[in-house]
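Just dropping this structure here.
Chain nomenclature is as follows: A, B and C, assigned in order of appearance, with residue numbering initiated at 1 for each chain independently.
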Amino acid sequence: MSKAPSLVARGLTRRYGGFTALKGVDITLQSGEIRGLIGSNGAGKSTCMDVLTGRGPDLIGEVQLEGVDISKLSERARRRAGLARSFQKTNIFPELTVRQQVALAARRAEFDNTEEVLSELGLMPHADRLAGDISYGDQRRVDLALTLVGRPKVLLLDEPAAGLTLEESLSLARMLRALAEQWKLTVMLVEHDMEVIFSVCDHLTVLHLGEILTEGSPEAVRSNPEVVKAYLGSTFA
Amino acid sequence: MSTPAAMAISAPTQKKTAAPLIVAAVVAAIGFALPSLGVPMTTLSLLAQASIVGVLATAVGFLVRQSGFVSFGHAAFYGGSAYLIALLAAHSKLSAEIILIAAPIIVLVAGFALAFIMLRTSGVAYSMLSLAAAQACFELMMKWRSIANGEDGLAIKLPREVFGLPLSIFQRPDSMFMVSWAVLVVIVVCLWFLSRSHFGTLTLAIKNNEERVRFLGYETLLPRAIIIALSAFIAAIGGVLFALYNGFVTPMALHWSLSGEALVIAIIGGTRAAWGPALGAFIFIFLRDIAGNNTTHWQGIVGITLIVVTVLLPNGISGALVTLWNRARGVSNV
Amino acid sequence: MIIQVLNGLVYGGMLYILSVGLVLLFGLRRVVNFAHGGLFMLGAYAGYAASMQFGFWGGVVFSVVALAVLGALLDRLVFRPLQNVDHMITVLVTYGLLLVFEDFVHTVWGADLISVRVPALLAGTIGIGDTQFPVYRLVVIAVAIAVALGLSAWLHFSRAGLYVRASSVDSLTTAMQGVDTERLSIGVVALGTALAGLSGVVAAPLIALSPSMGSSILIESFIVVVTGGLGSFVGAFIAAIVIGQVHNFGVVYLPNVSSMLPLLLMVGVLIWRPTGLARTQS
């Protein structure tokens, strides 16, 4: 990993009234890596993604995408610069067909690879159905397709496997891994399911109460006593 | 006498556009043939009325379809355009043609400006605001006697010839039905093409999930304002037809009961298809005519029908027809 | 001048009683009840009908109770079944109800204007400065103040009130924290509709009864609720008082454009603060 970093963020902070949800977090994503962002509920994972992508008021912190400062850009300008995200809740367009919405997303990106994304994500059989009419698992994939299309430089995925069965989650993880390698994507993934995290991530960042608790390889994080105490305890004790 | 039936079916299956287009052309042609088929004048008068109200309902339905906003105030654009014509004809030296074209354009611009205020609120507040704003226009025309002659309204002074046609063309039911039917067909066809364009997809996406569209890299305020302005423009065109046909305008053309009626028509006809509200207008006007002869409870009937259709047929009558059509052709309903 | 201010307070007080019912409903169910003006009208007519038998005060009690029962029914038959669908559907259904209510009133009482007499006890006038002011109008102001105080005490000191306030800020979280929104809502909706009935019956001696009385006041109460900030109790109070004054000022001094004034006020507020007077960015 001697390549230049894809995304460098410094001092990401978010306050809600008197409560500080994110306390000056620094994150550096190396080009091509898949980073897992984990932590218990309220640790600041989604907030971190919000601040990175320019969602909500009062953005504090600096964000560089491949060396370009995007801290002052609006959410839509950030996406056009190559920083794409998905949302915790399924966030698609039920009244559009699957192809229509992926094509809509592609239109704003550097190039249109709608058909490629549809077939890589196994959405071809549903391409001309309304997204509101397909199964939940397929809807999650549409959500991913909206984020993935046009090959953004950095992908921020907020619990892409939420609500899926373990089997579906792992197949999603494998697909993500393959696509990231094939398209040289940099990915940051928020996920609760540790099996998914350990099967796909190169590197983990653990958030706790709005601060970074530790960073490191999955093995190192798993055996870190602090992490076990703060977060993984119940799962891995 | 339904409108270009089955137009909206084609969205998912782009290759199968031919059949709906043929049906649309046939329906349009039947409409144009009606006056020469010996249809009685009273029926033609209802048809002309239905086409004009159909334009208004199409505007309301278009707004629901492309933006999700439920307007309780579209009569303001419709009656406003008629009032503009009456006032400009009385107080300016412009030619009738220019006035008839200028009125809906002024409404378009006003609607565009208004949109930026309306868009500061949420969906439900939009309904409340549209109602309040339109009713304020009604009260204004009602009370401002020196300009608008209060509830007695204004006669619209038009020359004997408009656009090279004798004015009587626009004021006889048979010929006016042809004119307003043609306008309605053109509007519905334009909206159908719009709904299939990139702009149609984009605005539908914004309606479904505005924030996500921003995160896909799009500006979302302007497209919504354009939809609101276009809808106002269409309602204003309805107002032009109304002004030509009646030669007279009263504050009732601005009243919220007319706005509500247009909304009910759009919902009953179904807003998912561009032609749904127009179909609704023909059903509504004819049923009201029948009911008017038999009962005084028309309003209650409308209320109950609205409740039943909203709950049981969310896509209205046109939606139900599309489902039947697809089933008949063996296409699974999407 | 003081008479004008008082008249503005009468109108504002009436608007407040009606609007706060809308706020209660919005806070709990996130829906705007287009039938609310219809309930105002039903309240006025029910009070009028009952007062024939039981006198004015009997009419007031009957109207409030009848409307509370109607509200409970509405909650169970309309708002609850529709709580998980698009809010616009509920708006359309309540609009349909408004049409039905108007038809009902039209059928039972006819389209003619009906005037209701002020009860004898309150029929007099009272000297304020050098003019006489009707006692009944002062009573309307007092009723509005009593409703405001009572509601505010209930919202701040009772458990149910606490839930209502929490729910109007964030209904999902409130529900997740184990508040039984369902049990709560039947009572709150009934309270909201009872207030609509109260405002109708109290307003009856001041305005003529007609099947269209509901829709015109509905529009003003919408302006109040939007100006105050959807779901805000304090906002509705301030907005109702201000709009009462603006309305009255307009009627007296600018009759041609009086109907535009409340609207322009609202537009101004929305441009200044898109979420209304009392609503902070959520």
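To be clear about the criterion, contacts are C-beta pairs under 8 Å (C-beta built on N, C-alpha and C of every residue); 3 or more make two chains touch, one makes a residue touch a chain.
This structure is a prediction, so every number in the text was calculated from the model and none was measured.
Per-pair counts of C-beta contacts peak for the chains B-C. Of all chains, the one whose mean C-alpha position sits at the greatest distance from that of subunit A is C.
Our note on geometry: subunit A versus subunit B, Cα centroid distance of 44 Å, whole angstroms. Look at where the CA atoms of subunit B average out and do the same for subunit C: the two points lie 32 Å apart. Look at where the CA atoms of subunit A average out and do the same for subunit C: the two points lie 47 Å apart. If you check the complex, the residues on subunit B that touch subunit C are 68, 70, 72, 117, 120-125, 127-129, 131-133, 135-136, 138-140, 142-144, 146, 256-257, 260, 263, 267, 296-297, 299-300, 302-307, 310-311, 314. Here subunit B touches subunit A in the complex through residues 11-13, 198, 201-202, 204-205, 207-209, 211-212, 214-219, 334, going by the rule given at the top. Within the complex, the subunit C residues that touch subunit B are 30-32, 34, 82, 87-89, 91-93, 95-100, 102-104, 106-107, 215-216, 218-219, 222-223, 225-226, 230, 255-260, 262-263, 266-267, 270-271, 274. Within the complex formed with subunit B, the subunit A residues making contact are 53, 55, 74-77, 79-80, 84-85, 87, 91-97, 100-101, 103-105, 107-109, 128-130, 133, 146.
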